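What follows is subunit A paired twice: with subunit B in the first complex and subunit C in the second.
The block that comes next holds the complex of A and B.
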């Protein structure tokens, strides 16, 4: 999609920033009285332009996270001249059209806000980063920042955890700026495991200040800067069968898949009952105690 | 009253000649290889000092019987019976005795004297006992757990070690003992000169001799050649010292004169040809891809001493070339000395016998030479290295990007994040009420989204992007957040609550944590409860767990008030686990 960065001597503070913008229309319409998408965009565009100004070699790539699809809407290194962030607007509009066309018939969904496809955009960001890694020995230091507000979709738990682990392995930190109402357990875990920053701004109309103070810091400077640290991380997982978030559950002793109810057969690794006969057999007696390990 | 468990055990006990005998009270003290018993009454004839070598076995009464007895038997038939005040004391001694007996080379068979149901009948080999003891000695946490559970009678030895087989089987290779390196100070040639007479005394210790032989191969060769054929050792060293003295006076002419007279002395005064050869070989082995121009001029052994290629203007007398070989360069000497010190000790011979030292060194040098000469592999390696250094980037295949290795984290890291679960349960109930409600249809939602985008397209970004007051508030808020975190969680962002607690409290908390883990592990492994044995085991575990509960409460109270909240958050899952265990136990039927 874009030519690889020419290999020059890169200083420590050159960064490649992958920005994942939450474009869930339900979420934005539900939050409308407090904070509008246009205000949000103005803060974000100003932020992106400032990143591009910090260093000539900085690169910014923006991925929009919709409810049916995800797509690249901006890449600062495409074209001969480094572009301003405003050029993402027409592409974003296109993306919104596309996303709308992909959604099923107009169902008047008055039932809560669905979740956006965070796992998809995380994967796209990681793929782009891998391509940059293979472009040559010298490249900017990549990091991912998620501007997310939609609630967590427990159905995406497995996919998101997989992307988090691959980000950890490639040493790419995932920063999270949560603009929704509640905390996001997935993003907390993501930032904790990959060594990024997790922040839930108290004042959304000061979003630009949060972005510029905390998220504009490059990886090299983070070694000697104090950034806000969350008090704790919500490590809860979702069960594999119903995708509910659970505190206590049953775990298959072979593949460590998590279930909320006792299972005859593990759906992930397909452990046949006769192997675990002694354990499953107990379920038929009066003994209701946990046969598999309890979390 | 026990000191470190493995070193010395001191307990009050009564020595009895038979089980019925009331016994003489006294103090029993046990060390690794012997035990002694001193009666309280000094006039009593009972004084024992017995080595564990003679003790072949030990018997003991079961816990809970009337007397806590320990019977140490010898193979000739004699035995020593001790009665203790309580069972834990006796158990401590019993374990100590078992390990001591094992250490003195015999397998300890433990036979309960009144055998009801044989609980564990383990045949422990001495090696196994030794490994266990060593493991306990090395890991103090493990030792504490062992003490708490096995000595406290909650778990038996077999159960405790059953889950730790991997630790026992590890072949911990003997860490090489630390060896003393060669001294770095150069043997100064300042001999002891007493002002009265013209005598100069040199002191040569075996260490110094080793170093001389290592640094000056010509001297070593001379030693091997001359001694004991041509001269005794003492004469050899006298000559050597004379040569050193001459060098120290820096009187080259005198040196030349003496060398002319005494050919053996000349050996010490001249340049060391063996060193020269070694240096040449080393230069040849230098990586040719290093950007260094190494040529004849770098043969520093033969350079004129005062410069190393640098022209000098000050007038040093230019001596006749006949005196050149008798000059010595300090820098050469220093380099050689440094090389030898860094190489370390290459031989393992006792330093007393000079000849054997010389021979050993000569042998190693020969071996090295032979190895280098015949080392085809070395050449191949060098070629490979050259090709690696001179690679052409464009023709290389792309290399895979660097990846972080799999990190198996210390479970203690998650200790602090458990408190977040407490937060989240709070947080959910608060924010759960404010569930987002989207009462708009999908199409309308998308419409409003697109409207927002076009609004910006036409109006541009708002000016100013952010209100200055709002920005100020945000900055203040962030700063406060960071500083309060620092206050609560410590200066170091990686520091945790644990570190801010006093050391004793922290140790206790961690110990409780690991003991609860151990108890839970054993508890769940004994499910489903099918036999009586499992039932008793589960009961014991449950009781042990309920004992930890008040201790945790105590810790919570003892902590400073500002840390109390965080500590109670830390402690909460531990308390919960004990409650759950109770519940699980109750509803097992």
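The block that comes next holds the complex of A and C.
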């Protein structure tokens, strides 16, 4: 009898887990009395080790999300022997120092007070997943889990939505476990659109239990489990003029900016380069720099 | 079928071989089978490539490079240009006698239908606020297969149910019909037509030049993808209306040409009057609610969205509320189109002189951590100030 074909070893439940850890120092100092970064790390390391134990072929990759940068801190498939998750600690420390030195250099990060670079780490995770997809026909099932707590930075909206749509097309679910005080609208939308699980644990002391029961299962087994359902995902948009959430508004047909009241001129179109300032109801005059006839 | 018993009764095996010989004679007399044609006529082995060590390359890197190059050129030229985001597109499919030709396997009509299905899905993915309608050209007459609508399934179902070809195709009748249909759309929308033309001629009742001028006056942008050969009238039509004319060489090329029309084209400013469109952002209903949905007219459990103006329930977004006519979208749909308005800055090609100096390069790709020892082709992004691999 010929030896078993390798594809039989790569069963349905092998997964590649990309973990995005929020290492924003502003956020961690703000919730210091309730929960500390070191306790959080102990829960996460136990969770990562248990994932590696579930199946010999499981892979875990950890990306740290800082304020100004993101970086890989752990890859279970690198090195000849699969390592334990604790080996990420020195790299994480190095990353945190680099991140802090970057924020001393430029004060204006443009992200909003104290929000971390979620769009960057999502993009890096998706790059790694693309590389895995291209490595051949046999690959583990990838998924992304965000352990996030910092508030949403409105400047990252477009970049995060782009990452969400790429994940949706590649069929990679984005799970979210929100450690902070308030819900994150971006992560709620991410999990809803990509088919992942969104959870805000009520007792942070038992974080490992939440992680192990909700987020540890592979994608194939999720069909048979009752996982937390999305409740009240808010898809309403906010108007560009007052930043209020509205459920009925006016959209400029040229640049798709949202306004709550009818107005004469679109305030956004004028700011986009090479676009005629849109005056509603009138045909625009021909501006030779802007319009081009495509043959 | 021949008897190929492993234990091999000699008599049966001999008989099998004789039958095989007879079959072969018959086949070469009848003409080659499709599987044989792939080797004899098309020489599929010539498209294989070897890398430096003589091993066969599974992916064709040159085609990948070329596709990336074309894509970068396109984004570079259209980066700062206004795009028509709210599009009303009619797809005109030629179902004349020429569509029954079998040079595309199994027939041109089936291949076109397959590509149109893929195009419709991609179109609604990239342009969630736009609408598509289908028109067919058959027996010299143009017929509207589906009206302008935003649901991909209804169009695809209607198309797959009506795949028969006969008669001549009339370009003028198709353009006349589309012109009348597109007159009814609101002024802020961009009017477009995509014609998939297989025939080599057009049988028109009148002067097609007049029709072309009429379409040009109505600001309709016509693009054509030809399947047989380049036609002057198609080229003239596309030049006059500002569209794109291309002719496909084979099925993968046809797919590429058709999908090129999915992202929004550069807009001509006077063609669409900028306007504020009233839209609603419905909330998702709670899971346990039972209500009667307005699209299927039956009671549904859970899920669904509530129109903010008339509180009717709709099943999916984006759509138009059937009761009050309000366009209903969700913020991710709008965000889908921001990608066209704010494209990412293209990466720069790293010249080979730098890749040959190993000390200057970092050890691994910034994005995916793959080792950069044998880079092939590298890109440098000015924004993240780091190197990334080609694929």
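Definition applied: the second predicted complex is superposed on the first by the 222 of 295 C-alpha atoms of A that agree within 3 Å, B and C clash if a C-alpha of one lies under 4 Å from a C-alpha of the other, contacts with A are read in each partner's own complex, and residues count from 1 in each chain.
Just so we're on the same page, a contact is a pair of C-beta atoms (placed from the backbone, for glycine too) under 8 Å apart; a residue touches a chain by one contact, two chains touch by 3 or more.
Fair warning: this is a prediction, and the values are worked out from it, not measured in the lab.
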Practice problem: Using the superposition on chain A described above, determine whether A:62 touches subunit B (first), subunit C (second), both, or neither. | Solution: neither
Practice problem: Determine, under the contact definition given at the top, whether A:17 touches first (subunit B), second (subunit C), both, or neither. | Solution: neither
Quiz prompt | Touching partner for A:235 - first (subunit B), second (subunit C), both, neither | solution = both
Practice problem: Check whether A:130 is in contact with subunit B, with subunit C, with both or with neither, and answer first, second, both or neither. | Solution: both
Exercise. Check whether A:179 is in contact with subunit B, with subunit C, with both or with neither, and answer first, second, both or neither.
Key: neither
Practice problem: Mind working out whether A:162 is in touch with subunit B, subunit C, both or neither, as first, second, both or neither? | Solution: second
Exercise. In the overlay, answer first, second, both or neither for which of subunit B and subunit C A:211 touches.
Key: neither
Exercise. With the two complexes superposed on chain A, say which partner A:146 touches: subunit B (first), subunit C (second), both, or neither.
Key: neither
Quiz prompt | subunit A residues contacted in one complex by subunit B, in the other by subunit C | solution = 130, 134, 169, 229, 231-236, 247, 282, 287, 290, 293-294
Self-check item: Partner subunit A, residues of subunit C touching it in the complex
Solution: 80-82, 85-86, 125, 129, 188-189, 238-239, 242, 244, 265-270, 272-284, 286-287, 308-309, 326, 330-332, 334-339, 341-342, 365-370, 388, 391
Quiz item: Contact residues on subunit A for subunit C in the complex?
Solution: 72, 75, 78, 123-124, 127-128, 130-131, 134, 157-158, 161-162, 164-165, 169, 189, 193, 229, 231-237, 246-256, 258-259, 262-263, 266, 269, 272-276, 278-284, 286-287, 290-295
Exercise. Would you tell me which residues of subunit A are touching subunit B in their complex?
Key: 23, 25-32, 36-39, 41-43, 45-46, 86, 89-90, 92-93, 96-97, 99-100, 103, 106-110, 112-113, 130, 133-134, 151, 168-171, 180-183, 185, 192, 201-203, 205-210, 213-214, 226-236, 247, 282, 287-290, 293-294
Quiz prompt | Residue ranges of subunit B in contact with subunit A within the complex | solution = 398, 400-404, 406, 414, 416-417, 419-424, 427-428, 431-432, 434-446, 448-450, 452-457, 461-462, 465-467, 470-471, 473-475, 477-478, 481-482, 485-486, 489, 493, 524, 527-528, 584, 587-588
